[in-house]
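Structures incoming, each one as structure tokens.
Paired with subunit B in one complex and with subunit C in the other, subunit A is shared by the two complexes that follow.
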Partner chain A sequence: MPRPGFVLDVDRSTPPALIWHGEGFRLERLPAERSRVVYAPEPLSPLPDPDEAIRAALLAPLGDRPPLPELLRAGMRLTIAFDDLSLPLPPMRRPDNRQRVIETVLDMAAEAGVDDVVLIAALGLHRRMTETELRHALGDRVYDAFAPYGNLLQHDAEDPKGLVALGKTDLGEDVEVNRRVAESDLLVYVNINLVAMDGGHKSTTTGLMSYKSVRHHHNVRTLQHSRSLMDRPRSELHSSTWRIGRLLAKHVNVFQIETTLNNDTFPSQFSFLQKREWEWGVRDRASFLGASRGLDLLSPRARRSIFQSILAPHQMTSVQAGEVEAVHESTLANLHRQQVVDVEGQSDVVIFGLPHIGPYNVNSIMNPLLVSCLGLGYFFNMYIGKPLVRPGGVVILSHPTPWAFHPVHHPSYIDFFEEVLATTTDPAEIEKTYEERFATDDWYRHLYRTSYAFHGVHPLYMWYWGAHALEYASSTVVVGGNRRAVRRMGFRPASTLSDALEMAEDQVGRDPTITYFRCPPLMLAHVH
Partner chain B sequence: MKALQVERSLPRFAAARIASGWRAGAGGRLGPLRLVDTDPPALPGPGWERLSPRLSGICGSDLATVDGRSSRWFEPLVSFPFTPGHEVVADTADGRRVVVEPVLGCEARAIDPLCSACSAGRRRHCTNLTGGHIAPGLQTGYCKDTGGGWSYCFVAHTSQLHLVPEGLPDEAAVLVEPAACAIHAVLSTFPLDLGPSAENTAMERTAMERRGMERRGMERRGMERRGMGGAGKESAAVVIGAGTLGLFAIAALARWREDVTRIVAVAKYQHQRDLAGKFGATSVASPGEMRRAVRRATGSWMLDNGQLSDGVPLVIDCVGTADSLASALAVVAPGGQVVLAGMPAPAGLDLTPLWQREVHLSGSYTYGPEPAVGGRHSFDLAFELAEASRMERLVSATYPLERSAEAIEHAASAGRRGAVKVVFDMRGDPRRLSYLLAEGHTLTEKPGENPGGLSTHGKDR
Partner chain C sequence: MSTDGARARLRAGASGLLGGRARLASRSPAPFPLGPPTWPASVPRPPKRSELGVDYETEWARRYPVRLARAAYNEIVTRPLIAAIAQPSVDGLDRLEAVRAPVIFAANHSSHLDAPLVLSVLPERFRNKTVTLGAADYFFTSQLRAAYFAFATNAVPIERVKVSRRSAQQAALLLEEGWSLLIFPEGGRSSDGWAREHRGGAAWLAARGERPVVPVYIKGTGRLLPRGARRLYLGKTSVTFGAPIQPDLPARHLVARIESAIAALADEATTDWWSARQRAARAETPDLRGPNGSEWRRAWALGPSPKDRARHPAGERRWPPRA
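And then the complex of A and B:
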């Protein structure tokens, strides 16, 4: 029986805590009697037979949808859309959930005699996937059956001929969707729900729509009013995607399939990363020492290469299919079962050790904007109820934050960092002054559509993602980061955690209470 | 009197060149520059006056000379030993406060008739820089007979003098000469020529000068030529370098070039970035960020090797190194214009983009009447700019002549040390005006008065 997550109050006998630091980690002793560490629940047991579970879910869907085979018929147009490479993190070992689900759906479609089947990677404004990445997500069999014939597509949010306007929501939000999706008799959406923000209507409304639509929920106002992004009923972003998704559902027959994973994140050679420090055995200590010393000897590039090659032993813990909202409620319940940790009250300071990977740097570089997004956008928002830190508290991030960008994947990020953040860090001002220019820049558009670049507006979204935290906390301190890069973002650089805690005292007073959110493995703090 | 002199000494030039390779400005200690006791220069003839410098700036060309890095091109155009200093605000014997337009053309050399360039007011193109009754020297500060601003007294021809308006601080007046250079660089390309051949362009420009065309008309022509007229398309210019010259070029673009709607400044240091914005740059980039900044400003694409598909129609290079010129060629639009405003060092660079894109590369040297603004002289415009832009804030440090080595080192590392312009300050010496009394002149100033004297010698301001 896996143990639930829990909160450890630090005392003088507590061993140092492992804190992620990009492609590496540190052991840090936290101040006794006023610090606590939030640990994730242990990985849930996986489904014993995921393929059978998928088949069962498709045959007994939730909500008002009939079993999938009843929706399939010869001569119909079937589109299967799937989450892109931003999920899961780290990428999982083969077979990926998407492969399992899509193979089952395709088997059913073949039995029903459906010929017109197209697969679409629901990229939204993310970069296109490479062949290797597609093969990893879908499996060779699916890839080889579709890609050579032009039936494996990647959504293009800037293709004027490939988008269809379906109207506006009651609040005037544009609904402009992939033409193939709009003209299909059935859209099957295959999701991997890694965090509570994913899934539901957000899958289609972000992954298969245009910039014109996405801008209605990816903006400073919605993100400042999403308390939190991981708590759908209190997320303005989700309210918007739900409105848009419901309008889409009036035009498109959507059959949603969502899966959840356990938080078994690291392979055996890194198993110590999954364990609580006082439970480390001799082997874990040796692994930690070996890994730390070995990594210290390597160049950043070599370290990145090692970490990017990590495949997680995640396993499927649930699968549900049917009507979008009914499916998503069930998905969230299963996700909460794995991730929720109850935490009593807030602290003055919260510490996030940021790992090597986030949704937008798979096989890429964690640039400073992505550091900010991961820390202030994702980790800060990993709460239900209220943030782990009190209003006006201090957020401490630990990451090397190199002034480095992947020139192919993140071209507009470079310009945003060089030009925009040199002028202002205010999300609202940035949105007002720069969003249109970045969103409509011909070169960015060209690279997004034909190369492997994120959309021109994406770096602004990364900044908006932290808008709630920027407004809520009094300051952000980055431990061990490139000082210039940290300052460029308006954060304060610190050499060590002790320095960072001292700096935090300037804001929140002496001897502040501290919460260390020891993530990954992923978890969701329910702060009471 | 005390004066700093550059001697013709090959060992000293060699030592300066070697030492400056290790540390810029080291030539101030080891090179050809020496503080000497000498007589004030004799008046070469009628129309010449003695001047007592108040402030005299250290400019890039002076540093190149002191560090032994000047081009050998200048060898026949100077005469040794000379006293540098061509950015000068000085007193005349009759109490006027003047700045000097240093080019030594036909008039100063008493050559009659004047050469065609001097006749047209373009003294900078004078063909008699080695003739006449004074020794060779392209400017005051490079001629052994005139002396220069790095002294307590030198001589200048009346035609070289511009009266400083009352109320303008000395610190602003000393910058009028480099400001005039920058203004000329900015206006020499007006209007932008992207269409016809160079010959036609030159002919048109001459014709315009002759007709003294209205600025508005020329501006419209320029825009039409570039296909910008009425289209609402923005036109950007890049200024490389944000030292004294670069900052004035930015200010001049902002003030007189309405056809330029975006000014991208390339600045290396934070204080330069701040000043560039204050002087009118619409965006500021570090050298490493320049291409991307230009790409953003022009909407061009960046090709795989970092090359831009388009660029800006005008680049003003105020640095003058191989790197800066290569950068200029990397961001100029096809058919665009690169103006070399900073004194260049000998450079090797790839001219393929100049050829393939039919880029116009032109030098900009000194000043004169500017046809683009109705023939007003660059110095008049510089005074206007000085009053409007509080130029005096760019004088970062003053030194007495006796501390020339420190001053040279400071000027050579101005950017790194947060400075812009370093000047010699002679106002602290109560004897300085007495040198004007030679040969029967009468001093009109009250004895003991120390006009504009400051107590900031040797200190960062």
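And then the complex of A and C:
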């Protein structure tokens, strides 16, 4: 029986806590009697037979959808869209959930005699996936059956011929969707719900729409009013995607399939990362020491290469299919079962140890903007109710924050970091002054459409992602980061955690209360 | 430099050194993570789960690399050693030819040599795919001991007194996974040289797994390394395999049948097959449990002990006694 997550009050007997630091980790002793550590629940038991569970979900869908085989017929146009490379994190061992689900859907489509089937990677404004990445997500059997014949596509949010306008929502939000999707008799969307923000209408409205549509919810105002991004009823971003998704559903028959994973994140050689420190045995301590010392000897590039090769032993804990909203409610319940940890009250300071990977640097470099997005955008938002830190509190991030960018994946990030952040770090001003330029730049558009680059506007979105935290907290301190890079983003650099806590005292007073959110493994703090 | 001053400095140095040693000796364990972590006062400690005895986890010993290492160890160390110490002669292997693995080998038990002896003479198809059920309170009392027996004899722990559900389920599972089992149904080595009453484990497992029981009679190991012996004697031994017994009887009848099959094998090994068969047909097979009576009579009936061999060079334990 997996143990639930819990909050440990730090006293003098508490051993040092493991804190992630990019492609590495540290053991840090937290101040006794005023610190607490939030530990994630242990991984749930996986479904005993995921393939059978998928089949059962397709045959007994939720909401007002009939069983999938009843929606399939010869002569129809079937489109299967799936989540892109940004999910799950780290990438899971084969077979990926997407492969399992899509193979089952295709088996049913083959039985029904459906010939016109197209697969689309729902990239949104993310970079295109490489063949290796597609094969990993879909499996060789699916890839070889579709890619050689041009039936495995990647969504292009800048293709004027490949997009169709379906109208506007009541609030004037443009709904411009992938043409193939709009012209299909049935869209089957295959999702992996890693965090509560994923899934539901957000899947289609972000992954399969144009910049013109996405900008309605990926902007400073919605992100500042999403409290949090992981709490759909209180997320303005989700309100917008739900409005757009409901309009889409009037034009397109959507059959949503969502899956959840347990938070079994690290392979056995790194299993100590998953354990509570006082339960570390000899093997865990030896692994920690070996890994820490070994990583210290390696170059950043070699360290990155090792960490990027980690495949998580995630396993499927639930699968649900049918009407989007009914499916998503069930998905969230299953996700909460794995991730929610109850926390009493807020603290003056919150500490986030940032790992090597986020949604936008799979097989890539975690540049300073992605550090900010992961810390202030994702980790800060991993709450229901209230943030872990009080208004005006201090956020401490731990990451090396190298001044390094992947030139192929993140070209517009480089210009944004060099030019824009040197001028201002105010998200609203950036949006007003620079968004259009980055979004419509022909070179960035060309790289997004033909190379493996994120959309030109993406670095701005990364900055907006932290808008809620920037507005809410009084300052952000980065431990062990590149000082120039940290200062460029308007954050304060600190050499050690003790220095960072001392700097925090300038803002929140002496002897502040501290929460350390020990993530990964992923969890969601329900702050009462 | 005065001599006194030099002595004083020497004393001071020596005392500093000793003090240093004393400090070293009383130093607390290395800090985490070099040493073990402290346990937070607010977190209740879970009840300590024993990792020894019946809870010792032997799954590692059945992984392929360990199996390979054990096969090599047995070929290079165990078998030559057993051949040198016990000089075994083997009978009845032809009775195993038609038997499909897995099976349960049920043998009499008088010495720690029994398990390695039987394992070393098993046909190759059984040898590296047989698990020995060993007493949890004897073979699995320390990490080193448990690891050695799990490795060398592929032993898994089982309670002698009252078999728990966990032990029984584990043995049944092993059988299902295709592992043959070597069981000593007496539940321990003979304490006086005579056999003990059989327990029901082998029969229960056979009935549950619907696998045959192969009775095995081991002769001579009790002389080479009897219970409580402080030294090992060299000598000859024999291992006789009997015809497989199908589990087509209720378990309690099966227990009796296994016991009588081993007794008949003992008779066969001591005399000859034909006369043993005749005695078995007349229900006159000598009882392995020895005569009823006082302790000295039971001991007397065994014949001279190994220590007496100087006085009785031709002496051989009469076990079972000739009819």
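Following the convention adopted for this analysis, the second predicted complex is superposed on the first by the 528 of 528 C-alpha atoms of A that agree within 3 Å, B and C clash if a C-alpha of one lies under 4 Å from a C-alpha of the other, contacts with A are read in each partner's own complex, and residues count from 1 in each chain.
Throughout what follows, a contact is a pair of C-beta atoms (placed from the backbone, for glycine too) under 8 Å apart; a residue touches a chain by one contact, two chains touch by 3 or more.
This structure is a prediction, so every number in the text was calculated from the model and none was measured.
J.: Under the stated touch criterion, which partner chain does A:Leu289 make contact with: subunit B (first), subunit C (second), both, or neither?
T.: Once the two structures are laid over each other on A, A:Leu289 reaches subunit C alone.
J.: Kindly classify A:Glu419 by the partners it touches after superposition: subunit B alone (first), subunit C alone (second), both, or neither?
T.: First partner only, subunit B.
J.: Tell me which partner touches more residues of subunit A in the superposed arrangement, subunit B or subunit C.
T.: Counting residues of subunit A touched by each partner, the higher count goes to C.
J.: One more residue to check, A:Pro16. First (subunit B), second (subunit C), both or neither?
T.: A:Pro16 contacts subunit C only, not subunit B.
J.: Kindly classify A:Leu8 by the partners it touches after superposition: subunit B alone (first), subunit C alone (second), both, or neither?
T.: In the superposed model, A:Leu8 contacts subunit C only, not subunit B.
J.: Looking at the overlay, does A:Glu344 come into contact with subunit B only (first), subunit C only (second), both, or neither?
T.: The answer is neither, since A:Glu344 touches no partner chain.
J.: Enumerate the contact residues on subunit C facing subunit A in the complex.
T.: Residues 32-34, 36-43 of subunit C touch subunit A in their complex.
J.: Can you check the complex and tell me which residues of subunit A touch subunit B?
T.: Per the touch definition, subunit A meets subunit B at residues 411, 414-415, 418-419, 422, 437, 441-443, 446.
J.: Subunit C touches which residues of subunit A in the complex?
T.: For subunit A paired with subunit C, touching residues are 8-11, 13-16, 27, 277-280, 285, 288-289.
J.: Which residues of subunit B touch subunit A in the complex?
T.: 283-286, 289, 292-293, 295-296, 299-302
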